[in-house]
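Below: one structure, written as structure tokens.
So that you can tell them apart, the chains are marked A, B, C and D in the order they are listed, and the count of residues begins at 1 in each.
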Amino acid sequence: MSGSTFGRVFTVTTWGESHGEAIGVVVDGCPSGLELDERDIQKFLDRRKPGQSKYATPRNEGDKVKILSGVFEGYTTGTPISMMVENTSQHSKDYDELKDVYRPGHADICYDMKYGIRDHRGGGRSSGRETIGRVAAGAVAIKLLNDIGIDICAYVTQIGEIGIDFANFDREEISRNPLCMPDKEAAEKAGKYLDKLIEEKDSSGALVECVVTGVPAGLGEPVFDKLDARLAQAVMSIGGVKGVEIGDGFGVVTSRGSENNDEFFMEDGNIVKKTNHAGGILGGISDGSAILLRAAFKPTPSIFRKQSTINNDLEEVEIEIKGRHDPIIAPRAVVVVESMVALTIMDMLQLKR
Amino acid sequence: MSGSTFGRVFTVTTWGESHGEAIGVVVDGCPSGLELDERDIQKFLDRRKPGQSKYATPRNEGDKVKILSGVFEGYTTGTPISMMVENTSQHSKDYDELKDVYRPGHADICYDMKYGIRDHRGGGRSSGRETIGRVAAGAVAIKLLNDIGIDICAYVTQIGEIGIDFANFDREEISRNPLCMPDKEAAEKAGKYLDKLIEEKDSSGALVECVVTGVPAGLGEPVFDKLDARLAQAVMSIGGVKGVEIGDGFGVVTSRGSENNDEFFMEDGNIVKKTNHAGGILGGISDGSAILLRAAFKPTPSIFRKQSTINNDLEEVEIEIKGRHDPIIAPRAVVVVESMVALTIMDMLQLKR
Amino acid sequence: MSGSTFGRVFTVTTWGESHGEAIGVVVDGCPSGLELDERDIQKFLDRRKPGQSKYATPRNEGDKVKILSGVFEGYTTGTPISMMVENTSQHSKDYDELKDVYRPGHADICYDMKYGIRDHRGGGRSSGRETIGRVAAGAVAIKLLNDIGIDICAYVTQIGEIGIDFANFDREEISRNPLCMPDKEAAEKAGKYLDKLIEEKDSSGALVECVVTGVPAGLGEPVFDKLDARLAQAVMSIGGVKGVEIGDGFGVVTSRGSENNDEFFMEDGNIVKKTNHAGGILGGISDGSAILLRAAFKPTPSIFRKQSTINNDLEEVEIEIKGRHDPIIAPRAVVVVESMVALTIMDMLQLKR
Amino acid sequence: MSGSTFGRVFTVTTWGESHGEAIGVVVDGCPSGLELDERDIQKFLDRRKPGQSKYATPRNEGDKVKILSGVFEGYTTGTPISMMVENTSQHSKDYDELKDVYRPGHADICYDMKYGIRDHRGGGRSSGRETIGRVAAGAVAIKLLNDIGIDICAYVTQIGEIGIDFANFDREEISRNPLCMPDKEAAEKAGKYLDKLIEEKDSSGALVECVVTGVPAGLGEPVFDKLDARLAQAVMSIGGVKGVEIGDGFGVVTSRGSENNDEFFMEDGNIVKKTNHAGGILGGISDGSAILLRAAFKPTPSIFRKQSTINNDLEEVEIEIKGRHDPIIAPRAVVVVESMVALTIMDMLQLKR
């Protein structure tokens, strides 16, 4: 596979460039009989849509999804679901001067080294707009998962040094503030931090957490296709992610077995764990408790300051990026994390005997 | 695939349980013409062999590898290379009392929930011995990669709170101390820490770092099969790993674009980066600089203290684990990390056009 | 994979129903730098377009292809090529009475048994229109293959009892007559036979042959992914194909080793075979001579006679199919055979080290 | 994948050369809880064992299988089942003179062209002994399928011009005569024909038929992974097969829609077809009736006559093959056909939702 397909049974193939005709996805292996229409998809796409706050690029595309196949009289038929979003608000001109210059922190130079050619307009295939396909497919997976009692919820827990206070955790708050933080106070502080960075023509990294409940025990294949291994690939494949951890994650380095082991006990006839340091996965297989995952997002590489770089004549030059860029990746990526987690779990559920 | 096969073109299939007849691996897609004999494999297996220090389980198996196919008159033929290690030092009795009790922090319970049956002797398929197949295959990949100038080196950088001082970094030291730390002093301190934990019937987590040099720019497929995404799956699939990061990893959360972007310049006609926060990968594609990866290993779950748990009649019981268990996973896993990184890079090189 | 993706490295994913919004395909893994525009694709689609003769359904769609991604300034970029054909000439009404009745010889009943739901309009996903995606992708593969000297040519050799005379073989003739036969006289006779069948509200089977020249020796993977095994899957996956053979094919049953073995000799410094009973493939690997393949196409199952069948209330009923249906599948499928052969060879070339 | 792995969920990886240490297979994805021991496998291997009649090579190996993993206390555990047969009766000397000469009709030359090196002893990887792994894996699949009422039966229907009389069909007879024909009289005639060919240092082709009953309707994925397409790959991947057909197969060329369509009716509340020209598969999906498949096996290429060929110095030479070779491939391949069909159906059943 050349990298644009994900999954073994519930498979997703994305296509499209930032400033091409359109962006889309084909979902193959979706069970038949799911009630589905464009509104089910649109509400997820709207969560990643640009132009919704000062922390998100003002590129104001409608990003209206069209379902082109696989749905008949309101229900999925089991055949591939093709979905497409047309690119309508393209300021390709903004990118003309990036044609020959490599932006630091961007994949431009790697595409040129790999392919010898690239669509320089807005990052082409490496643009964040590529995630439209992931989110449209994720919307289908999430609908299927919700139907069997699996809930997926991601949010931003830290921006720069400003972390949320878990004592204030309020799920409703996630969709109320533009930073997708479940703690109103933290979101306000983080907003001020970002205002300052915008002023300084800079950008910030962030931490995103995702909790999945309702996953039955026994999901995941031992050895190479461990549930956490597949989740790690899924989430690390999102642009800007530099780290993925499960449960206590990097915290285990300073932990001891006597602390880290989750002891079992019985409660109302169910197997329960006293703690969940493991994040719901043991030996690569779900243990029935909540799955907990975190991803580190790097600061947006497109900043408006002057930076040193080279051009494709291999001359050292300075660059001042223009165009429309978010000062932070994570808030709009929250729905992408949910989507990738959903696609992984859906696929592994289909594989499970 | 049911999880025991890794890779698309350079594929590896492992098999075997801790206390079964043997453990093995089939490597398919290895180029023909590589000079290869059992010593090439054995030296890597010896690095993960038990019984070499007080920090490693005293189970003293020869772990002698046999090549059963794919090599003719000293050279690979391009057909599958089958390798096998017989299990000779099995104290299955040690595990009799684990037959009906679930060890906290272990996959026992998940195997039972998934399969309804498990080989309880020594963890069966979820045992660390499963990595024998990974290391034997990794030895082949590393030999191929070394031949084209790619070097892979992993080591332990932190055990509990004791981290190495990078100023003291000494590659030779890695194989000299039993903890595989590249800093003699840190290794000694960590040794004392582990001695104390052994006394307390406890175990420690650790951090492993891996550096890969010589990877050409342009390796990795955009979108889902990004080089870092595939590496994340590969490394997270190792038993005990709870987090994977690339370059600055989770450090990006508190970083800014102006710090995190690696600026390009020219040096002796080559494209160079002033810094390597990205860890050698941009947009999922290698940029020609060193690839840097870290993995967090949890503390060994098998500790000799009394722990609360349940048995398979769902009764709450106490367990006191016997047998032979390392007080730390990471040192013996260093060669496993190198192997998984090598298998990933070798496979992606074969895919690269 | 759920069946709509073909290939490992040069991968093709098709989507779309006969009477849905559109039909399309995503080609992933196409090398960058190929000059490509819509005319390159259109000329292949035009070969399978309906309405071109009395032997082909009069459904007169423009079948105009649009390239939506993967091509920039006239050249492929290495990213997925998304292509789409809108469905414009839909007489869905024609199919209303097929909603509840199963057509003999059709997949209707199997879709219902598999999915519990189906898009009954024009066969939905099982319609011949599904091959639009294959042909669009095939056009890309054929362009790539032609560039490296590989030529693929398919044609009809037999319709009912009327076979071509290989002494009259004229490649130019294939595109001159509506039955794609390389022998004008045979085509005329076969035309008369079909005229009679149309009158009798009946249809005919046919034999299609495909010759590939220029394939280098050494293509194909031993054991399960033999070149002929992959070609067999590719061609058998075309709707209506009931048999595939390579070289002498079923003729080997009555042959002897002394006849069937192709002896080698040298000619102008090249290894040549005196005969080509093997059809260019030995042990699953190409031997450098022409690859020869034949496929048996069943008669169009949609005939206008009254037939006995059941409906989805499991009542026995009679059916008289209306709508637009070819009296023979093979001529319009010739370009589909070429496409599937091209996709297979292109993929295996990409896999070849 | 490099060709030694088959299947998506129920996956099989074979390894080994004719004159190497051993030959084996890893079966991954086998459900847990199947009662399995070596005798279950051995009885299938015994059916392909050499030395059982004058029509089979006198190489008399024990071909004793060992199960090395995946079975615990007599039941499968869901982990990979590794099985191995040691090569014990190797007359490698017989092949010394084939080191530099290419046998007509054999893959020798293709391996050299592909890999630049080959294990010339007994055909190496391209030997019929490679099928040991397929049959061992097939035995597991057949046991699973039998348990759910699916029966697979293959036999030889034609050798040279001598075909069976279906009126005499006797399933018991298949295992009674050395040619695996279900018609005693035909087997005797065919035996005489082979005696004559042995005398003439020649060999014969043959036709093998396989019938599968009990497959539920709805098996197979539309488009590229049609059940018949996957079966075609599976069966064409057996060494010596040059053609595969389903149902009426190549007979459809001269058929008409009115003859070829299988009409539906109801019988005892079940959907039945009046005829089964389709061979149990419509649109790539099983229709619930018997699956019927035929494969054409070429004559054994190793004949004892003098043949013209070239050596690896590209000189024209004559060759007189020695060693132990069957005058016909098909009878010993009957169990291989059953195995490949079983592996395909088992895999597709696992994929089926």
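FYI, a contact is a pair of C-beta atoms (placed from the backbone, for glycine too) under 8 Å apart; a residue touches a chain by one contact, two chains touch by 3 or more.
All figures in this text were calculated on a predicted structure; none of them were measured in a lab.
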| item | value |
| --- | --- |
| Taking each chain's C-alpha mean as its centre, the one farthest from chain C | B |
| Shared interface numbering between chain B and chain A [over half = same, under half = different] | same |
| Superposition rotation for chain B onto chain C, Cα-based, multiple of 5° | 180 |
| Length of the line joining the C-alpha centres of chain B and chain C, rounded to whole Å | 47 |
| Rounded Å distance, chain C centre to chain D centre (Cα mean) | 27 |
| Between chain A and chain C, centroid-to-centroid distance (C-alpha), Å | 39 |
| Touching two or more other chains - residues of chain B | 1-5, 8-9, 14, 79, 111, 114, 125, 222, 351 |
| Residues of chain B that touch chain C when the two form their complex | 8-9, 31, 79, 222, 350-351, 353 |
| Chain C contact footprint on chain D (complex, rising order) | 1-6, 8, 14, 102, 104-107, 109-111, 113-114, 125-126, 130, 158-161, 197, 200, 202-207, 217-226, 228-237, 239, 242-266, 269, 271, 274, 278-279, 282-288, 296-303, 305, 307-310, 314-316, 351 |
| Interface residues, chain C side, partner chain A - complex | 1-5, 8-11, 13-17, 20-24, 26, 28-29, 32-33, 66-70, 72, 75, 77-82, 84, 111, 114-119, 124-125 |
